[in-house]
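After this come two complexes, each holding chain A, first together with chain B and then together with chain C.
For the complex of A and B:
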């Protein structure tokens, strides 16, 4: 289960997420991010993961694809307020450096 | 629409021997069973718990087995707190691997462009037999370790290549981290039957 609220203003957007980002729900979150990116001229997208207590490999894959998409748009993707469990999974897979967390 | 039957057995062993709870019915009749399970989970004498379930590759079955196994994992007084997330990760990677790759043969480009719900609808129209494919999950929790076995109904895959990988996939790759994560998280990992069966073991180390 994943829920989020969105703060979009000008070229910046922050999504505050709560729950788990996993293979069951990553597709729904991906669709929403795609819709936001096609509607708004974002330069910076931030995911606040303070409320996310778990991600699996599909969740990681989604975060990677969002970062790749933002880089292609000459924008940036930031992850902030990461929980210990999520940080451990990032460390295991070498993604901590990629996301600069 | 979906009248598929789901099978589940929960064996809980305490000081007074094993107690077995069985469910073999349509998912919609599951609440009553769940309430019976909850009554037993808090037993502080519980020493061993074995969960065994056969389910189909449908979204409601998958969501059910994931939430049920997470509930069991976090509620039984067997697994030390620092091992809860690693075990949950093992369950997620094992089930998603069995269902997506094994049973549904989902190509990577579909996984990166469709939701599970959208893909399930496409399959119901074109290849409903894939959604009927079963997987059997066995999760055992002991006082010193956890053990998971999952068998899917697919064709198998070249698991050795995945197991031989000593580095994580490059960071910009969206897919292909599942088995690497399993290998990193578990103490033992083994595939049998051409990759259709996966065994994983994780020890709780006393600190």
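For the complex of A and C:
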């Protein structure tokens, strides 16, 4: 189960997510991010993960592909406010450096 | 007229069968009439009606008996059953519904209302038939897919080495449990071209069919690399390249990869974003094997720094995938690596025991594939 609020203004957008990012819902989130990126001229996309208590490997895959997409359009992707469990997952996989958390 | 369906009218009052016959024919239905349940059943031996309008009180076989027969015999393919009754009592309605009548009309009735109910019943019946057909189709499709998955699962199992002694000094034990027949976990142990023993455990993003296909590719890439080198970092670099160049950016893998001297005296290893395995020393010490290293399949230039440790007889290397460490307990708490480590410190710890513990934690419900692999250094003095 994943829910989020969107704050989009100018070239910046922040998604405040809540729940778990997993195999079951990564597709839903991917579709929304795609739609936002095609609709707005974003340069910075931020995921606030304060309310996210778990990310599985499919969720990590989605985050990696969002970062790659943002880099390709000369923008940046930031992940902020991660919980302890998510920090452990990022540390174990080495993605903490990749996302500059 | 063919298209509107066949209606069987059953009543011992000819006045009623006549009037219903007249109105339903005018509406475009084909009709049959019978004077009681027995006559109706013999008519149904010849042809199967789509809908039956039957009186409740009749000689020989009454409406309730008749309805029971109709609804319990599959060869009649469950026609819609409207019971006509003079008794507007709650009792007879309840009894009728219990034996499976679909609708009730109380005598005396308005013929136009009855025709309207018949029309709506025929629409319901048509929809029911459509659903039944669709269900049969879906069941057939599901069975075919299940069969495909079973075949794929058998193939994937054949990719995994069997338990047993890999060399005179090393024994393999494993537990492999995908979520839906096949999965993204894979491992292998084999002799490298130079005689050393190389092994890996990998977990591909997600689970299911795509993950399974990528896991097979990783094994192939590993086999190719091991033919020419036993260096864990060199093998990891080649596998990393192969994943980067063949899969989408959302697909990558966490890997633990090592090489052993055939006599089991030393272990070299790299870790690519994989949960750190535990080296369980015979004396009870537990060491996480956690060199730094990034997931495979994202950065083509990733490096995998290698570490080496000496091994002693009866040491065990216990590797696992996050399906077990991230197994969720009843309140959403993860099983965690701490519990794995704590369990492995017990003198009688085994993979089966660890699985049992995780099963208890997760209530047998796993969101992800899970794999346990143990390499044990044999005590040759025994």
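For the reader, a short list of remarks on this structure follows.
The definition used in the following text is that the second predicted complex is superposed on the first by the 101 of 101 C-alpha atoms of A that agree within 3 Å, B and C clash if a C-alpha of one lies under 4 Å from a C-alpha of the other, contacts with A are read in each partner's own complex, and residues count from 1 in each chain.
Here is the rule we go by: contacts are C-beta pairs under 8 Å (C-beta built on N, C-alpha and C of every residue); 3 or more make two chains touch, one makes a residue touch a chain.
This structure is a prediction, so every number in the text was calculated from the model and none was measured.
In the superposed model, A:85 lies in contact with both chain B and chain C.
Once chain A of one complex is fitted onto chain A of the other, the partner contacts of A:64 extend to both chain B and chain C.
Touching more residues of chain A than its counterpart among chain B and chain C is B.
In the superposition on chain A, A:44 contacts neither chain B nor chain C. Within the superposed three-chain model, A:31 lies in touch with chain B and out of touch with chain C [touch as defined at top]. Touching of chain A by both chain B and chain C, each in its own complex, is seen for residues 22-23, 54, 56-58, 60-62, 64-65, 68, 85, 92-95, 97-98. Those residues of chain A that touch chain B in the shared complex are 22-24, 27-28, 30-31, 54, 56-58, 60-62, 64-65, 67-68, 85, 88-89, 92-95, 97-98. Against chain A, in their complex, chain C makes its touches with residues 184, 203-207, 248-252, 254, 272-276, 292-295, 298-299, 322, 326, 332, 334, 367-368. By the touch criterion stated above, chain B contacts chain A in their complex at residues 59, 62-63, 66, 85, 88-89, 92-93, 96, 100, 111-112, 114-118, 167-169, 171-175, 177-178, 180-181, 184-185. Those residues of chain A lying in contact with chain C across their complex are 22-23, 53-54, 56-58, 60-62, 64-65, 68, 85, 92-95, 97-98.
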